[in-house]
Structures are given as structure tokens and as C-alpha cells.
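In what comes next, chain A is part of two complexes: it sits with chain B in the first one and with chain C in the second one.
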Partner chain A sequence: MTNFSRRRVLRTLCMTATLLAVGAGGSALAQDRTSVKIGYAVSKTGPNAGGAGITTIPNYVLWVKEVNDAGGLEMPDGKRLPIELVEYDDRSSAEEVVRAVERLATQDKVDFMLPPWGTGFNLAVAPLFDRFGYPQLAVSAVTDKAPEFVKRWPKSFWLLGGGHDYTEALASLLAKARDDGTINDKISMISVADGFGIDLVTAARPSFEKAGFNVVYDVTYPAGTTDFSPMISEASSNGADTFVAFSYPPDTFAMTQQAQVAKFNPKVLYLGVGVGFPAYGAANGENATGVMSLGGIDPNNEANAAYRKRHEEVTGQAPDLWGSVVTYSSLQMLQEAIKRKGLDRDAVSAELSNGTFETALGEVKLEDNQLRKLWLGGQWQNGQFVAVAPADREGAAAPVLPKAPWKAQ
Partner chain B sequence: MLATALITGLVLGGTYALVAMGLTLQYGISRIMNLAYGETVIAASFGAYLLNNAIGINPLLGLALIVPLGFVFGYLVYGLMLRPLVARSRDAASLEINSILATFGLLFVIQGVMLVAFGTNFTSYSYMNFGVNVLGANIAANRLLAFVLAVAIGGGLYLLLTRTRWGTALRAVAVSPSSAALVGIDADRAARFAFALGSALAAAGGVIVSMYQTFTATSGVIFTMKALIVVIMGGVGNLLGALSAGLILGLVETFVATYLDPGLTLAATYLIFLAILLWRPAGLFGRAR
Partner chain C sequence: MRKGATWAGLALLLAVLAAAPLYVSPYVLGLLVGIAGYVTLATAWAMFSGPTRYVSLATVAFFGIGAYTVAVLSETLPYPLVLLVAALIGLAVALVVGLSTLRLAGVYFVIFTFGLAELVRQLVTWYEINVTGTLGRYIFLPLGPEHIYWQLLALAAFTLSLSWWVSRSRIGLALKVIGDDEVVAAHSGINLTRTKLMLFAASSVIITLVGAIQAPRWTYVEPAIVFNPTLSFLTLIMALLGGATRLWGPALGAIPLFLLFEWLAANFPNHYSILLGLLFILIVFVLPNGVLAFAEKLWGGNAGKVAAATRGTPPS
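Up next is the complex of A and B:
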């Protein structure tokens, strides 16, 4: 039928792979005005755009709009300077984000920089933020090494906790359910073989062991996997009452659907990133109820509710129910620190470390440059992703276990 | 266990084949290596999502609307953008390079339009997401549909290409565009038709895939890469090749995930890809020169 030589096929393959690897384009976008210059490089295109477009970019947009609508950033002397924004697309490439941050510091000479999206990207730019003396309020970065990083880069701030925090919270929640006789001591656990999944599963193994659980199924899958039925069928036949997946958003959505098809009804269903997206509730409706994940919000917290309303009005989409409010609060902290100390980056960094701030999260005071008062686990209840862990924190809802079986659609 | 793995694997492979068949037509017959192929798939997915959520037209009916649109889109793209390249290119090799560069640009145009229209959000909806019992294995109805469509489209088009005069003309163009003209075949028309047909298949794949897979405006590249692997494994331009290569990939992934370790599926995929290329450099069904 055809006559393609091997050399031609291979050449085409190489060329295609190279071009696709060069990645999604979209050129740098810079605007010029006089005032406080704030810059950021974030993934507007490429594989990371999905996450950045939910947790990071809308909050930057919202904050800049709110500040400028109010006349600008307030200085210690009461004067207001509007924000002049310098924005780059890192195209989901780690080299590009490093280059862009360097450009922001050396050529654009911005006054402050906002961090990129993702654990890896925040780590990639941390040395540069440090070298050029910018405070780095890293939000979308989950890392257990935060205390170490704070020593290495004293102006870095880590606001979303570490994998260990989340798995400890999960283990104690599960231990309570086991002691109540709701679930047995067996856990099936799968994880994506990539940054987030590796971090979390590495933290989860000792957490579960310490809590006296028996992990009967523990496998990883490559990022980009779309069919989870072999794993679900294994997990449904091994007698474990708890299914834990440290997954990325597309996997999370796919697993939820495939678990329904397979009529897989574990008593505890805990999935990874994506459960806290408003789209998850919208796509699954009733069937989202009972699904657990990282994060969560206190629906009765007024500051947060007001934030969610403004977010939806300005950006046209609801914020996610984990990192979004933290991102926004980090910007409020920066704004307040600038109001107290002006544009001196050292003074602002010191203020961020030591000051107390009123934010959409409530009152925030960092401990060793880290935010420790976090919601570590949530569950969909009555159409909302409410926080259930840590259980002893004020505003936590009680988890509803066992999860009800899937309803037919 | 064995039957379940077998059927799950076939169904997964069917979805790979479904997405790859359009590319094999475009690349094999029109000689256009279309890097914007995955974007066409995703655009159709967004179309199906919009029809389903905004107007309430279910994706199966949506197929009747989106597939012809895909055909028209492919027809126009070939006529307006690629035809001048074909006319200008001296030989097959330079056409290949020209078409790769041109469609690389097209990729960003389509992606940019989708980013503006839909943003970067993960998009998904539920349709036909219930289990169907096939020989004791519980299979999602939407995936089963993808498999059935893949086999039906692959088999049907194969028969058309091998049993009809029209199909023979298309194959003649695939073998040698310049000689085809000597026996009275309008090579330009055939190539344009094949390209449009490929776009229509991409659109069909996009609609079906959107029923069970979460997608974003930027995830087209994943489909292009997967489709390209299937196409090259099966033999460029060969529908049955794409179908069987897709099924083999699906089976291998499922068997490895079931009996070895889900972490090895990607490695197994590329191992099979390498082995087949070493054994048959032009692909399973390809004929090397």
C-alpha cells in the first residue's frame, strides 16, 4: 500500500519529536508603565497550563485587578502606586522558567516577583530568587524539605505543607475510622510515577505503617495513563476497604469514572489532585459525594466565602478548593508587607517571616517561613468540598464514612 | 482474569486505533505529516462537550454534526494551506519537511483559538459511563463504543480502499502521485479527499474520546504522539496496520499492568515499538522499498 523507507520514517519521527519537544509557544508579553513593577513567569501553555490556569494565574489576575482598582499598592507613607505587570509564559519548560525569572530580575528589574506553578518549577527558580534577593512565596509546591530549603534560601516561603503533613493527616483519619470499626486495616494504594505521586507515596508508606495499616497493593503508574481498570480490578478483589491514589487531575477524573463502571465501592475513596477542582463536582454531581482528597475549605469561613465570590466575578470561574485561597492569601501578605515596609525587599522578606497578616485564610503567621495551619484533607459533602482534617482544627467537618456506593447515572 | 485482561486490552487498543487511523490516511495518502492532528482531535472534543453541556445534544448525535465539520475543515485546510506546498515541493522529502513546518504552525493557531475560547481548564463530562458485561469482563460502554467504531471504521474503510475503484485510485496516489496522474487519476483531488477524510476521522476520535477522557486545550500533542507511534508501528498509510498496532499496544499495556506492574506499561509500549521497527522497519503492514 505504501513505500516508506526506514530512514524516512525515522527522520520524520525525529523531526516530529524535536518540534513537539520544543513545546508550546506563545511569546513573552510585556507591558510598560511607571509604578511598582511586579513580574512573574508561569505556565500559560503546555502540559502545566491546566494546573496553573486553576490555582495560580486567576489569583494573580484577580489580585492585580483588585489592587489597581483601589488605586495601587499602598506604601508606608500612604501613597498608592499602581502595579505595572510583567508577565512571561514559561511554556511548561523548566529551562524557560529559569530564563524568564533571570530576565525579570536583570532586564525588567521588577520590584517583586511572583512564583511559578508547580513544585519542580518553584525549586528550579529558588536559587535565582535567592541570588537576586527576591522573596519567594511558593504556594503550589508540596515538599517535605521546606525546613531545609528555608535554611538554604532564607527568603523562600513554603505555604502548602509537605507530603508528610497530608499523609499523616490521612493516616490519623483512617486510624480513627478503623478504631470505630468502620473500615478494616487494609489499604490499596496507587500513585503516579512523577513528582507529586512519588513525594506523597514516599511519605504515605511510613505514615500508614506507623498507624498500623497493612498496605496490600502498592503500585505506581506512568504519567499519562488513561486506563486504570487493571488496577481497579486488582484493588476491588484484595479485600482492602480503603483505596488511596496520589494522582494527577486527568487520572483522578478517569479513575472516578472507571470506578463507577467497575462498581468499585471502597469504604474510603481518596484520590489526588483534581478532586478539589470545581469541575470535579460539576462532572460527577451526586457521585462526588464522599470522595476524599488533599485540601478542602471551611464553608462557614466568611473571608474565604467572600474571596470565592470575588474570584468568580472577576475571572469567571470558581477557584479550586485547595491551593487557590492560599495563593491569594500569599499575595495579600505581600501587599500588606509592602504597605508596612515599602519596596525594600529585605525588609519585606523579614516582615513576611515575622509579621502577622489578615488574609482570606484568616489570621496568618508563618512558622520558620512555612504556613503550618493548613487544611490537609477534605471530602465532598452536600455539593461542597469541605475540610475534614486535621480534625481538631476549628471549622473541620466530620468525615462521612463509609462512602455511599455509586449511584447509577 | 485472563479474559478480563484480554477484553480490557482490546478495548483500550481500540481507542488508540480510532485516533490513529485518520493520521495514517493523511500521512500515507496525502503525504502530509499533520502535526496539528491532535489539535483537531481536541477541537472535536470541545465541540462534543459544548453540544452536550450547553445545548443538550448527546455526543452520539453530536458525531453526525462534528464529523462532517471535521471533513470540511480538512478539505479547506488542504485546499488553502497545503495545496500550494504540494505544488511547490520538488519531491516527497521536501514536501514532508514543508508540511511538518506548516502544520506545526497550524497547531498553535488551533491551540491558541481553543485557549482563548475555553481557557486552560481540565474539561470532562460523563456520557455512557456505565458497565457492560462482555464475556464476564465489565467494560465501560463508552470505551466499548470506541472499540466498535474503530473496528467498523477501520474494516469499512479497508474494504472501500481495496474493493472499490475509488479506493484503488486513492491507493495509487499513495504509491506514486506522479504516476497516478498518468492513468487519469486526479492526484490532487484524491489527496485532498484523503486529507479531509483523515480530519473527519480525527473529529470522530475526538468526540468519542471526550466521553471518557479529561482533556485541556493543550493536550493535543499527546494524541499526535500516540497516533504517530501507532501509525509508524502499523505501516504508514495502512488502515489495518493502524488498527492492529493500536490493538497490540492496548493489549500489551493491559497485560503488563495486570500481570507485571502498572509502572512498566510505558516501557513495554516502547519496547514493542522498537522490536517491531527492528523486525519490520516499514511497520507491521508496510512495504519497504
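Up next is the complex of A and C:
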């Protein structure tokens, strides 16, 4: 008889699965609504969980908590409706994120959806956001094709710029240092053989060439590389004053250590994702000073400072110094657009395109559905990762070059 | 008479399934796309690995090749030709891989096939970096979920038919002998390599096509997305749950497992991986020979006769 009960268990399990999967999820179209349903699918597990756990998830958590602590999202008539949250884990699988977004739109019938983490995943769900009529505020997607995507999906918004923006900013910063006689015109460049590294290095080659630089060393390394000493030793003997690495966080931390061990002291040290993590400053202390990367913040921006404080209080960790504040600001924009236009998704999308918003980034107005006023380059100075590029933007600090040699620890 | 009724029933089932996009919600259609995909993958996997007992973890290698071919060619060739090219590339890779590895046995074969997926992924990455200078590719094809579903359904029907035909043909019998004892098979005059190679190639081409058909659903393709090893493991566990040596086994494993995964993902998003691991352990311990074999054991004599009939002797 035990066999039978096992079989019954399995059968019941499967039937429950079918029933729940097919039949669950009530309609939220009642006139007297008591909440606003907001849903998202994001990588809580799998290879993307690291990035999502820093730039995306803590900001979603913080925002929902703040809104609900204040009584909910404010509607145009002044009434407040609390957020009812539906969250899924896409397990870093493209097929799963597609199905989760289908589930959010057609089964859970959420009022608004927040985007997943990563360029690939934002693109995977873009046709669905478009088909079901949801605005998509894509933050963690660095892409040069944003103008093309906006034409294809008019309710998509791209807020972190493209690889080209970052490399142009770097090239102009370096060109100025060269013209001042601080550095020579040779650059050593390495990049990780994965999405981010390839995009950036492909954009960097023409940027450097146009600015009159000579890239004397240009190699890619496979994702997961841990020993960078051959590359560092090559770069330290080829006469280049500038070392650029479009790297992922583990590589960035490892390179910093190995450069110190090898006493490799380029006049400009520019590394990839990871430099903008608070942990980078904490791990390297004094030696972080002078290291450059993408992103950065204006330490005198009070809205941003207040945001950073709340983020640390609520989530127990400080936000990173590149994408986090943009993620949070995108949520503030959505909140404000709902306050102005209500829950009509078309009207909210139009408001996001055309409106002006007060956010943790300062005043934001999108151009062609893209955020163009971004901090493109930063440098660690006095224990803070401050923005240094674009140099002509208000609030930019002056880069300190050449970078001081490593101090013995 | 009974045979005729079975065929009519299957045709009716196919018709009902094919008409599904007309009467189900978009969400259910998404589920059906997933189910059709996994039924095809599991059946194709079991077609080779079931009778020969060569456990292959190369599923995602072929799946990824299919998806990547569509990503590369979707702008330059008409869609049916793209599918054809994908199938041909899958066939070529299967033949090369098969010729060089099917002499391996047991755990060596498992390790090789697992490595193959990583090898293909690194080759694609290397090519993209050094030759084209981009890593992600875009697929903008005017295909909605219903188009993908119909293609997958047709492929699933074809795969089941092929599997049925193989199990009744001489080659199917030869495969069973190989699975039981390779030495005996060789002594009975069976050409071991050719037989294994044919089935491996057929199974791989179908898996390649599943990847090619599903790719337009993602819009953006990069090696990390399409060569996700989880797919190989899911296919394997589905086929094992149903029973890899039976025609309907993989399908009967894939459907409940897929729905169960979906239910877990929707209701326990934070504990999904733990529950999944427990479930795998449970399947291996409680149902080592699959649900169908388990059911047959329960129903004893009656099912034994059916099983004997389906195993049958091939027409001479």
C-alpha cells in the first residue's frame, strides 16, 4: 500500500501544480482597488545573482519599503495605495525570465513591471513589455543601440548609456592629460572575453585612435581568469603610461592586488566593474586612491548622499557607485509619473518620456527615452569614488594624475 | 481495429493541441511552448541514450548551436533555410563528435559530452571576439509565441513518430542489444559504430532544431544564455523520470516535471533550487526506472503483457 500512497502523492503534486499554474492569479481589475500590483523577475540565483544583488534587488527592496512606509503610491486624486509585490527568480535563465514576465503580465496582471538585471535579459523581455503595453525602465543594460530600440519599442527607456559614451569620456580625459604633458600617448588595454568587456573594448579602439593614442598592447582574457601577472608584466615593460582593463569584479579585485605585488605603477590605472563597489575602497584602503573606472558620484549632491544613507540603513549594505543610484532614480521617476497620471500605463509612459523629475540623481529629463546626463568616469579620491568625467558637467571633480605609486601595506 | 482507434485518438489529440493558441491565454501558451520544447528534447535524448545507455550531457551543445545559427543567419537567409542550415550544422557536428567519441564507454562518454558543451561555447566566444568583435547578437524575427509553439509541436510529433519507428525497426533492436552487451552485439554481426552514430546524429539534429526554433523568443543571444548547462540536466532528469527506454516515457516525465518546476518557480521563488535538488534525489531513489516502469510493476500481469507486446520482434 505504501506504493499506492507514493503514487497518489506524486499524482496529487502534479495535479496541484497544473491547477495552480493554470488557474491561479486573480483579476485585479476591481473598481475599488486597495493596492497597486508591482511585479518583477530578477536573477536571485545563478551567475547573474552577483550583479543583480548589488545594483538591482536592494534598490527594489528599498523603494517598495519606503513607498509602503509612507502609506503607498500616491494617485492623482491624492489617495495612497500600498504596493502589493509579486517577485520571481529568473535563475539567470533567459527562457525563465521570458516566462516569468509573461506570467506577471497575463496571470498576475500586475499594474507595472520592474525590469530584470543585465543587457541580455532586458532585451529578452523588451518585446513582451512592448506587446503587453508596460513601460520598461531598463537600467542595468549598457548598449549603444538604445536609439534603435526606442524606435522598435516606444515604451522602453535606457538609462545607463552605451559603451561608446564611456570610452569617449575616457579618451577625452586621457587626451587632456597627454596635452598637459602628464602622460605619453601609449595605452595598454586588456578586456574580459564576455559581453561587457567586448562591448567596451570594441568601442574603445576607435575612441582612442580618434584621440590620437597608440594602443601598444590589446588582449582579451577568458572570463574566470585569476592570474593576471603575465599581462601585468607585459604592460609594465612596453612603455605605456596608461593601463586600461575592461574587467569584471573578481578580475578587478585580483588585478589590483597583483599590480601591487608586481610594483606595477602606471600613471593612469583604469579598471572595470568592481572599482565602484564600496568594498573596493574598503579592501584597498589608501591604495584605492587614484584608481579610475566607470561611473562615480558627485559627493556634494545632497539627494544622492541622503539616498546612500537610507540604502545602507534599510538593506545593510552601501550602494555601488555607478548603477545603483540610477536604478533608484528610475523608480522615483515611475512613482512620480504614477502620481501625475495614475495607473494608465500609456499615460505614465508618455509622462516618463516627456516629464521632468526630481530624483536622487538630481533633476532628470530623458532625451529620446534615454538618460544622457550620466557620470561616465570616476576616480577614488580621499576615500570616495568621485565623478571626474564628463569634465564639463557641474559637480565633476578634477582627476588627480599621475596616480601615486602603491604604498606598502 | 484497436490500432485504428489509437491512431485516430492521436490525430485528434494533435489537432486539439494545434488549435490551442486559439482558445488558451497567453500565459498558458507560454507554458505549452515550454512543454513542447522539453517533450521534444527529452524524447530525442532518450531515442539515443535510452536503449544504448550512453548518458549524454551534450544536449545544450546542440541546442546552443541551433540557437546561434538562427542568431547569425536570421537577417541574411529566409527563415526555413535558416532552420535547414541549423539542422545541417547540427548533423555535421554530431557526425564528427560521434565518430570520435562513440567508442568511449561509460563515464568517459558522460564526461566528454559535458565538456563538449563548454568547448562549443568557448569556440563560439573565441570566434565572436576575434573575428566579429561583438558578443551579443540580436534576433528580430516576426515570430510570436504561437508560431514557435506550432513549430515545436510539429517537431515533437515528428520526434515521437521517429522514435516509434526506430523502436520497431531492426536498428532499434540492434540498439537494445548494444545497450545490453556490446560484445554480444558485435558478435551477432551488428555494426556498432554505424548504428550508434545514426541514432546519435538523428537525436542531435532534433535537439539542434529545438534550439533554433526557440531562439527568436529571446531577442538577444550570447553564449552564456544559450549554452546554459542546466538544460542538459533538466532534459536528462525528465527522460529518467518518465522512463528512457519507452516511447511515451520521456514525454510523461517532461510534462509533470515542467509543470512542477513552473509551480515551484511561481510559488517558492526563494527556495526553488533547494526543492529541485530534493526532488532529483527523490526521483532517483523512489523511481529509478521511471514512472512507466513503476506503474507497470503496480499493475503486474496485465502491464507485463503490454510491455512484452511493445517490445515485440521486429518485422523480418
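Here is the rule we use: the second predicted complex is superposed on the first by the 375 of 409 C-alpha atoms of A that agree within 3 Å, B and C clash if a C-alpha of one lies under 4 Å from a C-alpha of the other, contacts with A are read in each partner's own complex, and residues count from 1 in each chain.
By definition in this document, contacts are C-beta pairs under 8 Å (C-beta built on N, C-alpha and C of every residue); 3 or more make two chains touch, one makes a residue touch a chain.
What you see is a predicted model, and the numbers here were worked out from it, not measured in a lab.
**Q** Taking the superposition on A as described, I'd like to know which of chain B and chain C A:Ala283 touches: first, second, both or neither.
**A** first
**Q** After lining up the shared chain so the two structures overlap, which partner does A:Val36 touch, if you call chain B first and chain C second: first, second, both or neither?
**A** neither
**Q** Contacts for A:Ser233 in the overlay, against chain B (first) and chain C (second): which applies, first, second, both or neither?
**A** After superposing on A, A:Ser233 lies in contact with chain B but is clear of chain C.
**Q** Would you check which partner chain A:Ile187 touches, where first means chain B only, second means chain C only, and both and neither mean what they say?
**A** It touches nothing on chain B or chain C.
**Q** Check whether A:Gly120 is in contact with chain B, with chain C, with both or with neither, and answer first, second, both or neither.
**A** A:Gly120 contacts chain C only, not chain B.
**Q** Just chain B (first), just chain C (second), both, or neither: which does A:Gly195 touch?
**A** second
**Q** Once the structures are superposed on A, label A:Val98 by its partner contacts, choosing first (chain B), second (chain C), both or neither.
**A** second
**Q** Once the structures are superposed on A, label A:Val142 by its partner contacts, choosing first (chain B), second (chain C), both or neither.
**A** In the superposition, A:Val142 contacts neither chain B nor chain C.
**Q** Output check: A:Val219 vs chain B and chain C. Expected answer is one of first, second, both, neither. What do you get?
**A** A:Val219 sits against chain B, while chain C stays out of touch.
**Q** Can you list the residues of chain A that touch chain B in one structure and chain C in the other?
**A** After superposing on chain A, chain A residues 3-4, 6, 13, 16-17, 20, 24, 44-45, 47, 193, 220, 222 contact both chain B and chain C.
**Q** In the complex, go through chain A and note every residue touching chain B.
**A** Residues 1-6, 8-9, 12-13, 15-17, 19-20, 24-26, 44-47, 49-50, 52-54, 57, 190, 193, 219-222, 224-227, 229-231, 233-234, 249-250, 253-254, 257-258, 260-263, 274, 277, 279, 283-284, 317, 408-409.
**Q** Which chain C residues qualify as touching chain A in the complex?
**A** Against chain A, the touching part of chain C is residues 25-28, 30-31, 34, 122, 125-126, 128-129, 133-136, 138, 140, 214, 217-222, 224-226, 228, 230, 256, 259-260, 262-263, 265-267, 269-270, 272-273, 286, 291, 294-295, 298.
**Q** Which stretch or stretches of chain A touch chain C in the complex?
**A** By the definition above, chain A touches chain C via 3-4, 6-7, 10, 13-14, 16-18, 20-22, 24, 44-45, 47, 87-89, 91-96, 98-100, 102-103, 105-107, 119-120, 123-124, 126-127, 145, 152, 193-195, 198-199, 202, 220, 222.
**Q** Can you list the residues on chain B that touch chain A in the complex?
**A** Result: residues 4-5, 8, 12, 15, 28, 33, 35, 92-93, 96-97, 100, 104, 108, 111-112, 115, 119-126, 129-131, 138-141, 171, 174-175, 212-219, 221-222, 224-225, 228, 232, 235-238, 253-254, 257-258, 261-263, 265-266, 277, 281-283, 285-289 of chain B touch chain A.
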